[in-house]
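Two complexes follow with chain A in common, the first pairing it with chain B and the second with chain C.
Coming up: the complex of A and B.
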């Protein structure tokens, strides 16, 4: 039980920091809205539902990257990473808490982005929301892990998209497949299942190997 | 002999390892095998009924892909050994294997592109699963190098590289599954490419080409490894002597 208490305490710290400084969330909101506007002008004619589905997922992925890039910045700027590593708790709690905090930011950004997408482009159904939830888990889990890796390098934030995008390809496939739906895709449930499998698989790997990322 | 240099001798011995097969023997056998494979591909294997002479690139394309996979999986295995057993040699071995994998992966993309041009008249096709998978893996392992050379040498670099290499070996099956799934909405028209009828001289030629490339990859791996180790020894000797 104390494991989850540690995770809760660490995640609360991140949310509290965000509430006070308001660094990440407004940037994510503004970014996703601006991206939609740019997409409108980037697509000649009236884009079909299929095309805007792709845009929605590009917007979500890049908005998440924006948030993930900031995730470990406070630890670096205030040199709190050593303190976290030395704290008498399992090191994987750092990863889990960071993932949960980023998930909260991403969910908040999407709570605005999805209605905005429905307003600007096409309506959204329940399967899309399910795909968004499952994809968010994968994006934040893997992204927070790679964020911790990237922050340990000289290149810092520059490296995160390079490390993350090849690993995000399966998420995009699952998410787009579920969102497109019939008649192009016969059973969207299969894609949701694939997303759940991805989440589970990478959550286990991240959880098991995070210790090596922060260990000196 | 003073004590610091004796201590250095102990560390230096930890870096190297006497291997069973000597490097010149490996080099000669890969030369013989690659020449035999070339002879088989050009003179023994029969012409393909559909694609004619140009189909012979298949023997190298597929063998290269298999060799690259073997390198990536070997690199992940060494990375796993580094993380679990703290094997002091494993980090360098993992890096060299992935480096070889990337070189062979480049050749896979090149031969695949040539094959696509001959078969479909385009330099790139998204309908070939293997090729698309290799492109994703290629980007992934390029990022591995960016990561590795963005951290100063030391335990942290070894750990980060090892963890990322392990991610790679999980990404291979997951991406493969994803690409198969994506066909449903990316290419509604299903392509069925009938592969060559595997048997007889085709199978023999393929096996020879595969063996040749695996031995070549192993030779290159050993060559690069011994060079890198020599480099490391020299640097440590310099540190001791200064």
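Coming up: the complex of A and C.
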């Protein structure tokens, strides 16, 4: 239980920092809203569900990337990572807490993004919401892991997208497959299962190897 | 408590430490001196467990929970208050009677009245005092202090003198400074890095 108490303390710290500094969430909200408005005017007529599904996932992925790029900024700017690494808690709690905090920011951005998508393009069904939830878990878990790797390098702003986008491709494949639905995809459930499997696999990898990312 | 044999550290082609031997027994107080760039910070980071040597060996008879490290940075979050920062570290270090301990340290270091102010509004001296509170919060067995007097005014430095004198008999201290005379009476040994 102490593991989850540590995660709770660290995630609470991240949420409190965002509440005070307001660096990340407003930028994510503005970005995702602006993206849908631009898509709306950039696509004349009535675009098909197939086309707009792709746009939805592009918007979600890049909004997440914006948040992930800022995830370890307090630790980098205030050099507090040493303090967290020295603490006697399991170092993977840092990763899990960052993932949860980023997940909260992404969920807040999507609370605006999905109604906007429904307003401009097509309605949102339960399968899409399930795909968004599963994709978010994978995006934030892998993204927080790579964010911790990138923050230790000089080319951090460049490195995160370069590492993250290839690893996010399976998420896009699973998410688009689940969201498009019939007649293009006959069984979206299989894609949801694929997303769940991705989440599980990468959660285990990130949890087990985060120690080596933050240790010198 | 701490033993190093032929310790060395390289960052790529650059060698920052070479052939350091040290033995710091439990209850010892070792003062590390040397010019800028001599490797004092690197040595202390290795001793605290934040960096790994590239040559030689180090044995530390203290777990992470028993090490208190003060570096050049305060390791506190500027957007949190002093109390919130210490509360966070107190939770992570599982400090018993956390709130009482935090209150006592904030009182001792003259930060009680500013405990609910964000660290961003603190002066450098106040931030350094808070960093010292953070280091002492979990009652560490091994204190690794890198230039602890930097940014402290005379009152703050005297507070730290008193704190170190109090800890002298029951804790092990490794301290890097440019002013060894200040801690001469407390020191049990000295290590001068040539650079």
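Following the convention adopted for this analysis, the second predicted complex is superposed on the first by the 213 of 216 C-alpha atoms of A that agree within 3 Å, B and C clash if a C-alpha of one lies under 4 Å from a C-alpha of the other, contacts with A are read in each partner's own complex, and residues count from 1 in each chain.
As a convention for this text, contacts are C-beta pairs under 8 Å (C-beta built on N, C-alpha and C of every residue); 3 or more make two chains touch, one makes a residue touch a chain.
Not measured: the values here are computed from a predicted model.
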After lining up the shared chain so the two structures overlap, which partner does A:159 touch, if you call chain B first and chain C second: first, second, both or neither? first
May I ask you to decide whether A:87 touches chain B, chain C, both, or neither, giving the answer as first, second, both or neither? second
Quick check for you: in the superposed arrangement, does A:48 touch first (chain B), second (chain C), both or neither? neither
Partner contacting more residues of chain A (chain B vs chain C): B
Going by the contact rule set out at the top, does A:194 touch chain B (first), chain C (second), both, or neither? first
Could you tell me if A:174 is touching chain B, chain C, both of them or neither one (first, second, both, neither)? first
Go through chain A and flag every residue that touches chain B in one model and chain C in the other. 215-216
Touching residues of chain A toward chain B in the complex: what are they? 149, 152-155, 159, 162-163, 165-167, 169-170, 173-174, 176-177, 180, 184-186, 190-191, 194, 198, 201-202, 205, 209, 212-213, 215-216
List of chain A residues in touch with chain C within their complex: 2, 5-6, 9-10, 13, 16-17, 20-21, 74, 78-80, 82-89, 215-216
Complex interface listing, chain B residues touching chain A: 83, 136-137, 139-140, 142-143, 146-147, 150-152, 155-156, 159-160, 162-164, 166-167, 170-171, 174-175, 177-179, 181-182, 184-185, 188
Listed in rising order, chain C residues that touch chain A in their complex are 48-52, 63-65, 67, 69, 71, 73-80, 84, 88-89, 91-94, 118, 134
